[in-house]
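Next come the structures, one after another.
Both of the next two complexes hold chain A, though its partner changes from chain B to chain C.
== the complex of A and B ==
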């Protein structure tokens, strides 16, 4: 299926480790395909473990879709920094970005699967969060 | 097996059923689950499957639910499909299972 990616919900992966973020993105690409805008970010600005708001903003930009963007995060700071990044977005974009309460790897694959079928942002978030349901 | 929860739209179409044996080595694990979900999502019909002919039924469009079934190689997948494009949907999911989801 070679559906255009522009209409599908974008997926952003945020981990403290760039290796985890990149690896999770690899899994999404290989398992789900290229029909979904996808970006990842991991590590602090010095290249150590952590997350940074600027990197998350860049990733949101890279995975931007008119259908919105779903962010998958790992621990604490990844979530708070992602929420901070969302708050820094222009108002018209803010409402179209959500942070999912889901495990980062499984959630990313599930969210992308849902998105690849053309589902709405709400459906993508709901599906990813089924892991904790 | 009257499913009172079936959607009104699906009720307008008599459910079609068929089964296929999982031939790929890993069974219905992560990657095949994603493929089945993506295939199912391409149709309007309600698509469900079960490991027994009388259920319990799993929504084939839900990646999480499909993975939770953990169907092994050799398991028989019973499909129940209802909707305007039910016939094509059933043919597509059966073909996917027969082909081992494109895996060995």
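== the complex of A and C ==
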């Protein structure tokens, strides 16, 4: 998990595998350096494959930006847990976090690249989702 | 229906025991058509719920159910955490402090709707909804504990020939046919444990 502060949209990567989440984050950093707040989480609470709401909430906190946070997920449980985490946020933050319907690695790189140019949360989400649409 | 502290604790222990005792069975069902962690996940979640006793049973029934739901959301992992957790949380939110059976029926209806929204799913997709929805019909129709448990078991059985179109099993397409849905099985076990502990009587 890592982060940096800026006014750009934050990116959160959620995978069932912590290695995939961390690796995807490495690829994002290679593209955009520290221009966007970035955090990742992967694995269940016992360290096995899976996702967990507490980890996702921490990642959202770590990547928080006033411009909002875009979450990239892999399989079903990652999406369901991410949506649950978003609902558990304070009301003023909830509307500024979106789960993107995009492949996790490619989506994260594209979303971060878009974010690094200062784009809005809606534009970041759209870029990630359009790439493979 | 009034549940005193002892009855609330009995309910929690019965739910947890059903998941802990059947963890291996659930995992083996999930190994056939899922990612093989369902038994372990549910066991982990309910062990975490047990760890919140005795304080958990000091709460009112609605607060206790909300607390169980929150623990499951945070501890189960996998998609079943938010799904089963949402059911408990919404059930708790929908109940008055001393619910009559009609309150329970109404709250269960809302909780099932919340599970549908959370999973963006409906009955017929080989998920826990294929147990929740038919069991709710029996419950709303006045069935006793035995009738409810019987419907839960049969409903889980009926998922075996179904084609999964939601959840991890849907990746398998037609190969999901012929295996019972693990989430339906765990839901059926939880319902059976709950109604046995609560000793529902038939209403007309």
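Note that the second predicted complex is superposed on the first by the 128 of 133 C-alpha atoms of A that agree within 3 Å, B and C clash if a C-alpha of one lies under 4 Å from a C-alpha of the other, contacts with A are read in each partner's own complex, and residues count from 1 in each chain.
FYI, a residue touches a chain if its C-beta (ideal position, glycine included) is under 8 Å from a C-beta of that chain, and two chains touch if they have at least 3 such contacts.
All values derive from a computational prediction rather than experimental measurement.
By the touch criterion defined above, A:81 lies against chain C but remains apart from chain B after alignment on the C-alpha atoms of chain A. Contacts of A:131 after superposition on the shared chain: chain B is touched, whereas chain C is not. In the superposition on chain A, no contact is made by A:67 with either chain B or chain C. More residues of chain A are in touch with C than with the other of chain B and chain C. Residue contacts after overlaying the shared chain place A:118 against chain B, while chain C stays out of touching range. By the touch criterion stated above, A:44 is placed in contact with chain C alone, chain B being left untouched.
When the two structures are aligned on the shared chain, A:13 is found in touch with neither chain B nor chain C. In the superposition on chain A, contact is made by A:110 with chain B only, not with chain C.
The contact surfaces that chain B and chain C form on chain A in the two complexes do not overlap at any residue.
Those residues of chain A that touch chain B in the shared complex are 1, 31-32, 109-110, 113-114, 116-119, 127, 130-131. If you check the complex, the residues on chain A that touch chain C are 16, 44-46, 48-54, 75-77, 80-81, 83-84. Of all residues in chain B, only 30-31, 34, 37-38, 41-42, 61-65 touch chain A in the complex they form. Contact residues on chain C toward chain A in their complex (touch as defined above): 35, 37, 40-41, 44, 73-75, 77-83, 85-86, 118-119, 167-168.
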